Structure formats: structure tokens, C-alpha cells
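A, B, C and D are the chain letters, set down in written order, and residue numbers restart from 1 in every chain.
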Amino acid sequence: MASKIKKIGVITSGGDAPGMNAAIRAVVRTCAYLKVECVGIYRGYEGMIDGDFKAMDARSVNNIINKGGTILKSARCAEFRTKEGRQKAYDNLKAAGIDAFVVIGGDGSFNGALIFNKEFDIPIIGIPGTIDNDIFGTSSTVGFDTALNTVVEVIDKIRDTASSHNRLFFVEVMGRDVGHIALNAGVGAGAEEILIPEENLGLERLLESLKRSKASGKSSSIVVVAEGDKTGRNVFELKEYVEEHLPIYDVRVSVLGHLQRGGPPSCFDRVLASRMGVRAVEALLEGKTNLMVGIQDNNIILTPISKAIKGHTKIDKELIRVSEIMTT
Amino acid sequence: MASKIKKIGVITSGGDAPGMNAAIRAVVRTCAYLKVECVGIYRGYEGMIDGDFKAMDARSVNNIINKGGTILKSARCAEFRTKEGRQKAYDNLKAAGIDAFVVIGGDGSFNGALIFNKEFDIPIIGIPGTIDNDIFGTSSTVGFDTALNTVVEVIDKIRDTASSHNRLFFVEVMGRDVGHIALNAGVGAGAEEILIPEENLGLERLLESLKRSKASGKSSSIVVVAEGDKTGRNVFELKEYVEEHLPIYDVRVSVLGHLQRGGPPSCFDRVLASRMGVRAVEALLEGKTNLMVGIQDNNIILTPISKAIKGHTKIDKELIRVSEIMTT
Amino acid sequence: MASKIKKIGVITSGGDAPGMNAAIRAVVRTCAYLKVECVGIYRGYEGMIDGDFKAMDARSVNNIINKGGTILKSARCAEFRTKEGRQKAYDNLKAAGIDAFVVIGGDGSFNGALIFNKEFDIPIIGIPGTIDNDIFGTSSTVGFDTALNTVVEVIDKIRDTASSHNRLFFVEVMGRDVGHIALNAGVGAGAEEILIPEENLGLERLLESLKRSKASGKSSSIVVVAEGDKTGRNVFELKEYVEEHLPIYDVRVSVLGHLQRGGPPSCFDRVLASRMGVRAVEALLEGKTNLMVGIQDNNIILTPISKAIKGHTKIDKELIRVSEIMTT
Amino acid sequence: MASKIKKIGVITSGGDAPGMNAAIRAVVRTCAYLKVECVGIYRGYEGMIDGDFKAMDARSVNNIINKGGTILKSARCAEFRTKEGRQKAYDNLKAAGIDAFVVIGGDGSFNGALIFNKEFDIPIIGIPGTIDNDIFGTSSTVGFDTALNTVVEVIDKIRDTASSHNRLFFVEVMGRDVGHIALNAGVGAGAEEILIPEENLGLERLLESLKRSKASGKSSSIVVVAEGDKTGRNVFELKEYVEEHLPIYDVRVSVLGHLQRGGPPSCFDRVLASRMGVRAVEALLEGKTNLMVGIQDNNIILTPISKAIKGHTKIDKELIRVSEIMTT
């Protein structure tokens, strides 16, 4: 490939996700394989503005494929939302001879990259790295599968104590304004009810469902609640509501929080990140820009970032139906 | 649905795989939901021949979604390969009023079911349960994803000691005559080389690759070897070969063996098994037979079992390429 | 042994802990081995009052050694605190021919057993089952070691995201009014500061410590807080306090909650529970009562329950010192 | 403390064990805390002979407490067994100004250190780091507890498949010539029989035991075999023997191998290693030498290395008895 691109930057931005390191490794090693220079940009756009760069070769990324977090660190950066901030960032890239970059992150990070490209015409390719799976153009984002396993393992533990005490637990999981984590992990954990932003069951139906569950002879119940759920009540308020209206249950609450972001990535996320990293570098060398790498039907594809950040992968209606049948 | 089918059997057969219990649970609960009776058939076809049956309701499958193995037990059964054996099995099903059954297993189990259907005209639907992912008509079999995570976690541990001692490890993984586990887990574990039946690199190339790896400054190396690899040497012989021809390495061997079959299923396998179990029961009630439930592009589809057992999901050529780039 | 005791009950009471099932199994199998009948009492003292009993033989406890929770269930029971409740319980035991029982639980459960023994003269032996390690007469309670591993694994995950974002996390762990979990898991997780009820550092010192940590070049910080900590502020208030007085940090909070009670027990807890279960049954057959089985210097010993519930295992002053040195 | 010792080396030697990094971290941070310089010696005695040293400060050991293996690497070194090799090593230490060192390893490494001390009068303190727990003077070596958890988790997985197929598994575990891993992990995993070097049951008794187990209604059996077992047969030969003499079983074999050495250390091992690292540095500064740090009854104590390497912690006879009762 006789590309004009001689030096590629790689940056992680926004919330971290397991598998980001595997994606960094793939970008760095693909550059090495294709004899292009590679530079790590630290602390997201903040580091771009500060010129916090480090040259990376194939050995810089040894033994990171199985590490959670991101060795490049990440940050949310207000200054990059200003023209001045982006100018500084561009000047630094220019000075360092960086011709293009791969940005690993979510929709906020992609949006920043699009604006930057429009202003300074520097090629960019995105890799979707977020546990929330809230990006259009890929059936799975890097980190989503790992987060599902983490949530399911934790709920397995909570069920041990729930069923020893015949208790009802409301478990809040991440996902911002979408319910992918809640729905999938809820089905995987055998939850009795799953509350997601996409479907507002209403509180009455929740009570009905819990009554039915108790009547059916179940000794314990887990209700998985997406953080973006639209019932208008958080898990603590749900606890109070149920205790008031359905006093047959001893209710507890668990907010899983940030533990969902960490841990060694699953095999799926490592492989996905590796494939995406390869394709991202190749796309830049082919002269492409403003695209996101995604996976669809087990093929790596490219989608305009402008589309990717507008939509979401739809919630799986069939899986909602499966979840209902499973709570029989 | 006004189906003639009033009582459905469920059976696990052949090698066990994580997620089989989730599939059993889904079959049982879907029957309960659709008001069809459900009967568990124990110990595979052996139990069918012995009439080892037990009625199952929604509560029979409480708290099994996260358990490895199969509560119905499994077995390989020589007698079912005889006409007499199958006649006994049929008589038992008849006596118990079982109109149809769902068989969870691999190609051998499916083949038995096909023959049985041809002889006795009893409807059957298959759910692919095997860690090997060697069935056509589904991008993933139940158990495959869990086995990948298990292998990758174990190799992470082996790498700890490998890199502390600058050693080379040959790690043999399962997969019968296909390389899906080896290729995916090899990429996920960051293996320096992956030997699979589908690609015979030859031993010379292996030596070249190991030399290059050492020269590049890597301190340790993991070579993942599929049990069905065609180099003509098992891992112990590979060790001897490399020690003789490339004495720069301190070589060790690890045969992972049956630990790859056990453990709590991953979230993906639990969800997959749940979806497949629902579809399997519905297909029977729709009057279908001799089909296997599969997943393709995140949709649950049906494939004739006769096709499913003839072919394999193809090894992913692009992933082989990714694996080569990653070992830079 | 020619003991008058022919039938032994086994009961789990109070909060559940990993390893309780291993203790149940040990009690049941030791009874079988010594040819004494064994009866499981369900749902703690509530089940004793309701006569919720089931005969158990060696096979009743197959495949439970690795399961969290308690197959006998547990409950806190107000009625057992009344004379009438205890009379009912005693009548049930009498009617079932139960001569003595082993109670697996914490200080509340032991106290109940002592009162019961005083009133009805039925021999009882206690096995300390609680994650909190707050019982005198044993260096470790069943469940403590598992909870430490669970906490440390979760904080490892939180650190992935903390260090990717240069954040400070306050992590609240269980332990009621003692700091054993916080101190041990804090040292094990490499926490920068550990707040326990036994040592009130004061908030000023916390700020100093965090300032020093930042100055020393650490990129992230974990502060482990025992739920019984005496600073007078919970983790949410600590977050606010630090944000106000030390705005150099981006602060997050995580309350681990009930996930700490579940999961497969560690090898240590399984072995400990097995040894304790054997000794508990033997002690009853030797005519002993009102004693608790404990471990000290790797020997299984007996302590009067009256002593066990009065005191606590002291917090390890040397370990506090180690924790300070480690945060250098 | 006004010690003559101004610079302390730290070295890991022999087989690696989980928790070695936690011990390194503790040595380094204690030096920093006490304002003594600290130097990492790489690749065991080989690196000492090669002068492979690196200055370490408190930040050099960030985020390693939870990593398996050893960041200092390890090796077995023939040259250090020669006078010439040791002279080179001493010259390097001298040139680097290293006054004393802490050696983390097993009996071979300790023996080397003793000889070295005798010849060159340089103070040395040992920290027992080995999964085998085969050192006198400490109830637990660093890495033992983690290895037990690893083995038990793996056997849990093997039991999933064993009990699905009613199989008998011989599982070989590490431990060199002692049976601590086999006995403890065997009890923890609920093994039906445990073969250790300290007790030769004889093959007849094994058959009796397996017959009894089958007759008692158990569906599967796990026999844990220490690698140093004295029955005169390895697990493959045991399989053949049982298949010939007790054809009621379908027998499989699993050699766990090096996966037992890796993985994140347990909380216990992290805390133990931290406490030992602190005491090791303090002992050197107090002018002590030729001692090993150990734990006894939860206190950190010092034992002459000459004693530590002569004996073993005795196998726990009471635990053997417990294991027999548990297989009822």
C-alpha cells in the first residue's frame, strides 16, 4: 500500500471499557506489520491538547491483551469542545508528524473526532469501545460482552444469598439510556423481571409479576433495572414502593456501579478488538476517514460515524419475549 | 396454537457443554408457558432405551441456568445404533405419551435423532450443544463461547509463569477435527502461533516463527495447538522437535483437557441457549421436524439437520490473517 | 462411642456465608460415618418453630461443597426470641426425636442457642459461619476468606477503571461493627487508605494521606471503608467532603453490598468448614454442649459459646502498620 | 534504625508462585518507607551473575500486587552452583553497592543464598515463595493458598462434566514430593480419594474405595493424585489399572500442570506476602541474616534458613481423617 499516511495516532476517550487495550495492541501491531509509525496519545483529547504522546512499537503492547482499562488512560475533556482547544491539539499532532488517528471510544468521542476532522481535515477512524452497546453500525461494541459476564457472575452471587433468605433484590446495572446490558444480563442471570428504558411496564405490572412469581413457588427474585429505566423510580425507591405495596417480600438493593467497567476482557471482546484494530489501520491506509469499524453477522464492516452516533442498535424484541417466557 | 403435540421430551446427548442446562430450562419453561407437558429424558439415548423419564415443570429447572454440565446427564449409547435399541426407545416414548422431543447435543446425537425420526416418524428438533462449534447452520453452538473464555483464562495463567521464566508452552485445546477453539482462543490469549487442522503450516514455518518471535524481543511464547492439528505430532512430540531444532527455548507442555467442558456458562451461552430453547419448542408445536435451531446474524433460524451435520461452520480466514498480524 | 445421642439436627441461622453448605455436608456425612441419624432444619429457627425438618443422609449433600448460600436456607426469627416460640421449637425437636443440634451462624444465632439450651437442656454445638470474622475463639470464621477474595477481585476491577481515569474511589465493604474485611481486603487490594471502626483516623488525616498519595505520583486511589466505620460519614458523604476540601480528585463511590455474601467458597473455607463439621458432631457425641468449634494455629479447638459471643477476634495492629507502610 | 545497610537487593528465584509480586512490592515499599535504597535483581541468580539490576522506588511496583508471576523474572541457574559464578555475582553486588538482599523462592534458592552468605558474608533474608508449601517454619508459603483455589476451581469444572457422564477422573496436581496441595484441594473439591506421597494406601484400597463409592450411589468420582505420589503409577497408569480391575467406570485423566502456578494471587497470599516483605526488610536492618520469614498462628516469625530447608511442614493427619469421613 503506497499511502500518504506515515504515522498514525491511537487514542482512547470517554468511559473506559474492557478490551480497549486489546484494540490499542491491534492498532499498534498492525502499524508495525504494515511498517507505519504509531504514536500513543495519552489521556484522551486532554493529552492531545497537552501533547502527551509516546511512540509505540510492537513490544510496547506486550501482555496487555488481557488487562482491563486502558494503558493510554482516558478522560472527558471540556477544552476539546472549544475551537482553541482543538487548534492546540492539531498543532501538537502536526508537530509530532501524526497524519491520522484511530479513536477508541463512544459516541461523544466520535462526535469530537468528526468536528476535528471537519476543521483540520485529518483522517480519523473510530473503534466502538463502550460497555453500553449503544452505537449504531455494530452488533456489539468492545466491552459489552465482558460487562455482561461480569454482571451475570455478580448476580449469581447475589442469588446465592437471595435464595438462602427468600429475598427480592433490585439490581441496578449500567447502560446509560439503553437497556442492552439489563436485558441480556437479566436473561442470562435468570432475572424474574427486567426494567429497561425501551419498555415501560409500569409499576402495576411489576407488582403483578412479583405476586405471580411468589405464587408459583419461587423462593427468591432478582429484578434487574437499567440505570436509564423510565419507571421514574430508582432502585431505592422501587424497594420502598414494593415494600409498601407487596409486603410479602424482604427487599434488598444492589447498585453494581463501576465494577462493571473493569476486569480482564472476555475472549469475544479480545478477538473483536483485535479484528477491529486491524481494519481501522487498514482503512486509514486505504485513504478512508470518518468511518467506524463495526461487526455485523461476524463480518467487519465500516459505517459513517455520522450514522453510528445518531442511532442505537435496536433492543431485541424477540429477547424481551424470551425473557417473559423464561419467568414462567 | 392448536398443535397435536401434548407432551414434549427433552434430552441431552453426547459430550456435555456449558449452557446445556440453560437450554433444558428454556425448553421446560416454554412448555409450561405454552401449556404443553414436558418430560426430561435422562442419560441420553441410554435413558430413552431404559425409560428413565421424569415429568418436569417450571420449578424443576430453578437455579440451573448458571450450572455447567447437564442435570439430565448424558451418555454415548451403542445400543441406540441398533434397530432393537431404537425400538425399545420408541416403545418407552409411546408408553409415556411423549409426542416429540428436543435433542441437545452434537452431530452424532443429531444423526441418531434423524434415523429415529425416519423409522418412527416422531418429530424432533435439535439444539446444537457442543464446545467445538463444529456444526453447520449456526455461527455459534451452545458452549463454544464459554469454552473460549475458559481457555483464555487458563492461558492467561500459563503466561504468568511462562513470562516469568522466558519459556515456550505448547497448549493443546479441544475441538475435535476443527480449529475454532484454537483459533479464537489463540487470538484471544495472544498466542504467538496457532496450529489448526484447517491450515498446515508445516514444522519449518513453526521454527521460523519461533525464531522471529525470540529475535523480536519477546520473553515468552504460547503456541496453541488444536487437538485435531495435522502436523502429525502431538504437543509432546512438538516439544521434543523444538527442543532438538531450536534449543534457545525452555519448552513446556499443557494439555487442557476436560476442564474446557465445565464451569458456569457465559452470559452469551445462557442467552443463546434460552433463545434456542424457546424456538425449539415453538417449532415442534408448529408441526416442524428434523430441523436444528441456529443463530445467524443475531437471528434464530432453522436449518435441516441433514445439512447441519454434513458441514461445518467454516474457519474464519480473516481471523487467521489477524492472528498473523498480531504476532508481529 | 456409646453416646446417648441418636439423632442430630443441623441448622443455619442469621446472615448466610459461603462455606455454610460445606459445613452442612460435613455434619451430615460425619453423622453417616458415625452411624447417627441426621436431620436438616430448614429456614433457621423459624423452621424449627414450624417443624420444617428433613432427614438427611450422605447422598443428600452431594455436590454442594462448592455452592454459595445454604441449602437449608436461613432466616432471622423474632418468634424464637419469645418463650412461646422456643417452646414450640422444642416440642418439634422432641417429636422428631432430635437429641441435639449443630447451629451454623453468627453471634445472634449462638445466643439463641444458648438460651434454648438453658431452658430445655438440649445439647448444642456452634460452627461460626459469617463473613465478618467477628467471633472470638477462632482466627477465621467460615466465609471470611471467601469474602476477602470476592472483595479483592471486585476492587481489582474498580482499579482498572480508576487508574484509566485517574480517579479516587470510596469502596464500602461489609463487616458490621468490625474492620476485618476492610483491613485485610484493603491491604490485599493495595488500597491507599483503609477506614475501620477500630481506628478513627479523622478526616484531616485522610485528606493529608490523599494529598501525599497524589504528590507521590499515584494516578488513582482506592479508599476502602468498613460499613461500621466511625468517621461519622458514609461513603457518599466522604465523597462530598473530599470533593469540597480536595478538589484535585475526581471522586466515585461503590457500595459492594450483598455480592460479598455469595459465590463458591474458597478452598480454605471449604476445608475449614469440613474440619469444623466433623469436630462439631464428635463433640456432641462426646457429651459436650454450649461450645463453639474454632480454628487456632491450624488446630480445631472448642470455646464456650458464652465467651465466643462476648468478644471479637482483635484487629491485627501489625497489619494496620503494614497497610501504612504499603501506601508509601 | 541506624543500620549499616544502605541498599537492599530483592530477587525471585526458582519456580514462580502467585504472590511473588506482592512480596517484591512490599520489600520495595518498606525500603522506601525506611529510606533505604532498593535494587531489583532480574532473572534470579542468573541476573545476579550478569549484573542485571535496576533501582526500584515506591512507584516501580504500582499495580503489581494483583499480578501472577514475577516482574523480576526467575530462573534456575547452574552457574550459581559454581564458586566462579558466585564470585561474579558478589562482584556485581559489590559494584552496585548492594549490602544485603531478600530472596523470594523455595528451598533450592534458600540453599544457594546460605552458601553465598557463608562465602561472602553478605546478609540475606528469605521469603518462602512456592505453591508447594514444602518449607519448614511457616504454616503457609506465598502462593500455596492461591494454588489451592485454582485447583479447586478447575476440579469444580471437571466435576461438571464428570457427573454429567458418570465418569471417574484421575486429576494430577503439583506439589513435588509433598501432598499439601493434593490433600487440601482434594478435601476442598470433595474428592472421593486423595493419593499423596505421605500415605501409601496401596492400589487394592483404592479399588475398594471406588467400589464403595459406586455402591453408595455416587454418580461420579474425582481422585486427586499428588505428582509425588508413591503408588508407583502415574495418572495414566492408574487409569489403565482401574479400567482393567474395575470396569464399571468410564475413566478419564487430567494433568493440571503449570496453570496451577499462575493467576492473580488470593487475598490471603497478597496479605501474607505484604507482611513477610515488611518483616524481611526490617530483619536485615536489625542486623539479622540467614533467616526465613514465616507465619505461625497468624504471627510473622523468623526461622533459621538451615532449619527451614531441612524439614517440611508436616502433613495434617487430622485432615487425612477428615477426608476419609467426607467420602462416606
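Definition applied: contacts are C-beta pairs under 8 Å (C-beta built on N, C-alpha and C of every residue); 3 or more make two chains touch, one makes a residue touch a chain.
Fair warning: this is a prediction, and the values are worked out from it, not measured in the lab.
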Taking each chain's C-alpha mean as its centre, the one farthest from chain B: C
Gap in Å, rounded to a whole number, between the CA centres of chain D and chain C: 28
Cα-centroid distance, chain B relative to chain D, in whole angstrom: 35
Separation of chain A from chain D, taking each centre as the mean of its C-alpha atoms, in whole Å: 39
Contacts with two or more other chains, residues of chain D listed in rising order: 156, 159, 163, 219
Topology of the chain contact graph, where touching chains are joined (line, ring, star, complete, other): ring
Touching residues (chain side chain D, partner chain C) in the complex: 25-26, 29-30, 32-33, 58-59, 62-63, 65-66, 139, 145, 148-149, 151-153, 156, 159, 163, 184-185, 187-190, 216-219, 264, 266-268, 270-271, 274-275, 278, 296-298, 300, 316, 318-319, 321-322, 325-326, 328
Chain C - residues contacting chain A, complex: 12, 15-16, 18, 20, 43, 67-70, 73-75, 150, 154, 156-166, 169, 219, 252-255, 257-259, 261-263
